[in-house]
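Quick heads-up: structures coming right below.
In the two assemblies presented below, chain A is common to both, partnered first by chain B and then by chain C.
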Partner chain A sequence: MRKVAMLAAALALVAAPAGAYKLVAHGARVAVAKSEMTIDPPIDWNRQQSRPGRNAEAWTLDGIPLNEVTFYGGIEGGKALFKEVDRKNKPLPVFKSTMLTPDVVQLFEASYRIAGGSSLFEVGAVEPAEFAGHKGFRFRYTFTLEGEEVKRLGEGTGAVVGRKLWLITYEAPAIHYFDHNLADYRALVASARIPGPQVTVE
Partner chain B sequence: MIRALGGALALLAAAPAPATDQVTPIGAGWQPTDKDERGLWLEVDELERKLRTSAFVMRDPALNAYVRGVFCRLVGEAACAPVRIYILRTPVFNAGMYPTGMMVINSGLLLRMRSEAQLAAILGHEYTHYTNRHVIQGFRDLKRKTSLMTWLALVPVGGYAVAAALTAAQLGMIASVFTFSRGMETEADAGSVPLMQKAGYDPAAAWRVWEQLRAEQDATAAARRRKSRKDADGGMFNTHPPTAERLAALKELAAKHPLAGPPDDGAARYAAALRPWWPALVDDQVKLNDFGATDFVLGKLAEDGWTPDLLYARGELYRSHGDLAQAAGFYRQATEAPGAPPEAWRGLGIVALRSGDEDGGRAALGTYLKLKPDAADRSMIAMMAGETN
Partner chain C sequence: MGSRLIAALAALLLVIPGVALARIKADETFVFPAGKPVRIIFFRPDVKVGSLGVGSVEEPNADWTAAAREKLSAQVAANQKAAGNEIVFLPEQEGDNAQVVADYQALFRVVAGAIAQHKMFPGASLPTKAERFDWTLGPGAAKLGEIGGGDYALFVSTHDAYGTAGRKVAQLLFAGMFGGFIPAGIHSSYAALVDLRSGNIVWFNIDPGSGGDVRTDEGATKRIGQLLNKFPTAAPRAAEPAPAPAQ
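After this line comes the complex of A and B, so read on.
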C-alpha cells in the first residue's frame, strides 16, 4: 500500500532508499503477504521491502507511484487492512468476518480516506467475480491523494473465505499507466490460490 | 518529518505565550518589508499557485459566492475585495488566512456550522489573525525557538515536495507550523466579536461555535473510551484549541457588544446555501471512522428534525460501526419518509442479510435496484438480491 509510504516520502523529502525492492522472478509460485495465498507471476515483478501491513505486501513493475499491486492475505476479524497511520487520532476501521461485499468495499474506501487523506475517493462498479476458485467480488475505484493531485484508478478482486478477507488490488495513474498494466494485474489475480474447501490440489 | 514537526510544536507549546511583537496591522495593498516576510510570502504565493488548480478545491460558484458574501458583509467591501477564498474538500474542521490575503476554508468546517453568524465568527477570527499579522509573528517566534536545522526540516525547501505539487497537505503543514499562541487566539476572538456586531450578526454565535466543537471533542473521546482533549492544545482543532477559558472570554465579549436590533443568525440562509452539499459532506464525515463526533454532528444537523438523508447517513454510520440493529432502524425510518435516497433500501437490505433475514434483505435490495436502475453496484446487489440477469 503506497499511501502511507508516499505521504511519508513526500513529507520527508527523501527518495526511496536503495534496496527498497526485491525481484519476484516469474515462473515459480510464491507465497504472498505472510499468508497461505500463493501467486504464480507470468512476468517478473518487484516486491516492496517495507510491508504496508502485517498481512499485506506490495508489488510494482515501474515503481509504486506508477503501478502497484497490493496483496491482503487473510485479514482476520478485528484487524485493519494495513498499518495504522495515527491510531490515537485517526484509527482505521477493522474487518469483521460477517461483512458482505458492500461492507468490505466501504471498509476499503474508509481505510484509504483515513490513511491517505483522500476525500476524493469514489467507488465505481462493484460486481461478482471468482477469486481463487471462490465466489468473490471485483470493484473499481478512483482517488486523488491530498498533496499529490494525481488521479489514480484502481481495481480490487477478492473474497471472504474461512472468515478472513483475501484481496488483491491494483492502482495506477489514470493517464496511461492504469490501462497499460491492467492485464498484468489480472494475470496475477488469475493465478491466486488460497486455502479453503475448494482449493485445487496439485 | 511528522515527528520533527511535533517536536517543534511541543517546544512552542511549552514556551509561555510570547509577548506580542509590535507589528503594524496589515491593510489592503500591504507589501512585505523584510527578508522573513518576503520569504514567507513567496512560499504562500507558491502554495496559492498550486491550490488554484488543485482537485480538492470546491469550485461551485453558488457556494463560493455565498461564503464570499458573508465575509464581505463582515469586513466591508474594500477589505474583502483583494481576498481570495478557497473552499477545500477536506472533512476536518479548519480555516486559515495567510499573510498574502489567501483564505482557505475546509468543507469539514462548513459541515459543522449551524448558521451564517457562526461562519461569520470563524471568518472574523481568521481575518483578525491576518490583520494583526500573527503568522509573521509566529514565524519569527518559531525561528527564535528552534535551531536552523529544525527550521529547515519544517519548511518545504524544494526537491521532491515541490515537484509533487503539494497543496492541501502542505497547507496543513504550514498551518501547523504557524500554530498560534493563546495570546494570539485571544486577540483574534476579541477582533471577531466587534466585526460581528457591526455587521449585525449575533455575537453570541462565536461562543456557540466553540461550545459545539468542545462537545464534539467530548463525543469523540467518549466513543473511543478516552479522556477528552478539549482543554489541551492539539488534536483535531490544533490550530485553534477551543479551551474553556476562550469560551468564557467570548461570552463576556458578546455581552459587551450587544446588538441594537434583533439578532440575525441567518440559520435558514446558511442551511439553504449548504443544502446541495450536505449529503456529500456528511458522507465524507461518516467515512472518517470517528463514530462519536459523527453521531454528534448528525445530531446537530438534525436539530430541526431528522430528514431521510440524515437518517440514511446515520444508518451508514451505525452499519460501519457494526451496530446492525440500530442501523436497520435508521434505514427503515428513512425509507418510510418521502424523498428517501434509494441507498437507504440498499443499507436496509445489507443489514437484513447480515442479520440472517434473507427474505427481508432480498426485498429491500430489490427495491433499491428498482429505484436506482443505473446503480454502479447493480450486478453485485442483483446477485445478493437473488435476481438473475
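After this line comes the complex of A and C, so read on.
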C-alpha cells in the first residue's frame, strides 16, 4: 500500500505545473535574485518562478533546457549557490568572501557536479572582465547532464564585491542555441548594476 | 542548471497519460511548396517498449521494442505513401555523419521536451512564446539534408510500458478500496516534421494517451494513423464534405 501511496504522490507531482513563468518586459530595469542587482533587459525574457537558490533566479527565451540565464545576487560567505539537493550525503560547497577568481570557478564547478548531477563538466578559459563597473572575471564551461546526450556550453561573468559573489551565467546546447543567444546574454550582463563595496571606518 | 529538473519533468510529461491540459498548437497552415517533389528523411524512430510493475518500475523489453520499431516504421512508410509524400529511410551512418545524426537526434529530444512542457501545460507557458510556435534545431540541420538526401526530416518517438498482471490487480484494488486511479501503463508518442533548410519544426504532434498496441500490426497502424492524422501532405487534402443544408 505504501507503494501505491508513493505512486499517487508521484502522479500528483507531475500533474502540477513543472514551473510557472512570468514576463520580464524589455525597457524597464528590474531587481533580480532577491538582491540589489538590477538588470535592464533589451528584449523580453521569461522568468522562472521557482528559484534554483535562495539568491538565484533563472530566465529563458525558449525554455530552460534550450537557453538559461541564471543570476546569483550577492551570495554571502558561508552560503551555497543552489538549494541543497542532498545535504546529508552530498552537501554543496559554500562561498567564502576571501575567494579569488580560481576559487570561485572551482566552487561553481563543484556545485554543478553535485547539484546538476553532471560528471562531464569542464572549465575552459578564465579571464579578467569588467562586471557592473567592477573588476571581475569571465569563464567558459561545457557539460553534459546525466541521462542526456546533448553537449551544453556555458559562460559566466561576475565579481566579488562587498564580500559577496555577484554572478550571471548563461548555458545552452552547443548546437545552434549557445551562439544564437550569446549576445542576448551579454547584453544582460552589460546592463547589470550592483551596489558598491561598503566602506567600514574602524 | 535548472535544466536537469525541467528535463526530467518534461520527460515525465511525455509519458504520463492524462495530464495533458492543452493540445499542441503547431503551425497548421504549413504546406509543402507547390510544384516541387518533397523528399522526407525518416530517422530511425525512438521506440521504447516494456512492462510496468506495481511499484511503477519499468522493465524494458528488447524483443517488443525491436518488433514495434519495425512495425511502426512500416506503418509510417505506408501512411506517407498514402498521403502522397516521398519517404527516404535514413540508413545507418558511420564516422562523422553518424555523430551529426546522433547530435541532432539528441537536440531534437530536448526541443521536443521543451515543446511538451511549454505548450501542453498552460501553467508552464512561456509568456514570450504564448502565441507563437517557433521552435527550431537551427540552420545547421541542413547537414542532415545533405546526409540523407531530403528537404525535410520526420522524427517519431513512442514509449509504451504495459501493466503487469500484478499491476492490474493493484489497479482494481485501489479503485475498489479508495476510488482512486492507477494508470494501467504508459502509452505516449510524438512526431515532428523539420524543414531542413531552416531547421524549423514546422509540424508537431504529441499524443500522451496514445492508442494501439504497438506490438501488433493492427495496433501499430492505429498508433501511426492517430499520430500523423493531420500531417502535411504534398498534395492538397480532400476537402471536408459540406454540411447538409438545414431543412
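The definition used in the following text is that the second predicted complex is superposed on the first by the 178 of 202 C-alpha atoms of A that agree within 3 Å, B and C clash if a C-alpha of one lies under 4 Å from a C-alpha of the other, contacts with A are read in each partner's own complex, and residues count from 1 in each chain.
As a convention for this text, a contact is a pair of C-beta atoms (placed from the backbone, for glycine too) under 8 Å apart; a residue touches a chain by one contact, two chains touch by 3 or more.
Because the structure is a prediction, the values reported are computed rather than measured.
K.L.:
Could you look at A:V69 and tell me whether it touches chain B, chain C, both or neither (first, second, both, neither)?
P.N.:
In the superposed model, A:V69 contacts neither chain B nor chain C.
K.L.:
Identify the partner contact of A:L23: answer first if only chain B is touched, second if only chain C is, both if each is, neither if none is.
P.N.:
second
K.L.:
Identify the partner contact of A:A132: answer first if only chain B is touched, second if only chain C is, both if each is, neither if none is.
P.N.:
After superposition on chain A, A:A132 lies in contact with neither partner.
K.L.:
Which of the two partners, first being chain B and second being chain C, lies in contact with A:P173: first, second, both, or neither?
P.N.:
After superposition on chain A, A:P173 lies in contact with chain C alone.
K.L.:
Would you sort A:A58 into first (chain B), second (chain C), both or neither based on which partner it touches?
P.N.:
second
K.L.:
Please work out whether A:E148 is in contact with chain B alone, chain C alone, both, or neither, and reply first, second, both or neither.
P.N.:
Once the two structures are laid over each other on A, A:E148 reaches both partners.
K.L.:
Give one of first, second, both or neither to describe whether A:W45 is in contact with chain B, with chain C, with both, or with none.
P.N.:
In the superposed model, A:W45 contacts chain C only, not chain B.
K.L.:
In the overlay, answer first, second, both or neither for which of chain B and chain C A:G117 touches.
P.N.:
both
K.L.:
Using the superposition on A, tell me which residues of chain A are in contact with chain B and, in the other complex, with chain C.
P.N.:
7-8, 10-11, 14-15, 117, 146-149, 151
K.L.:
Can you list the residues on chain B that touch chain A in the complex?
P.N.:
1-2, 50, 53-56, 89-91, 107, 156-157, 159-161, 164-170, 172-173, 224, 235-236, 284, 287-289, 319-320, 322, 346, 350, 353-354, 376-377, 379-381, 383-384
K.L.:
For chain A, which residues count as touching chain B in their complex?
P.N.:
Its residues touching chain B are 7-15, 89-93, 96, 98-103, 105-107, 109-110, 113-114, 117, 119-120, 123-128, 137, 139, 144, 146-149, 151.
K.L.:
Help me check something: in the complex, which residues belonging to chain A touch chain C?
P.N.:
So the residues of chain A touching chain C come out as 3-4, 6-8, 10-11, 14-23, 44-46, 48, 50, 52, 58, 60-66, 68, 70, 82, 112, 115-118, 145-152, 169, 171, 173, 175-177, 180.
K.L.:
So in the complex, the part of chain C that touches chain A is made up of which residues?
P.N.:
1-4, 6-10, 12-13, 16, 19, 54-56, 102-104, 106-107, 109-111, 113-114, 117-118, 121, 123-129, 135-140, 170, 174, 180, 182-183, 199
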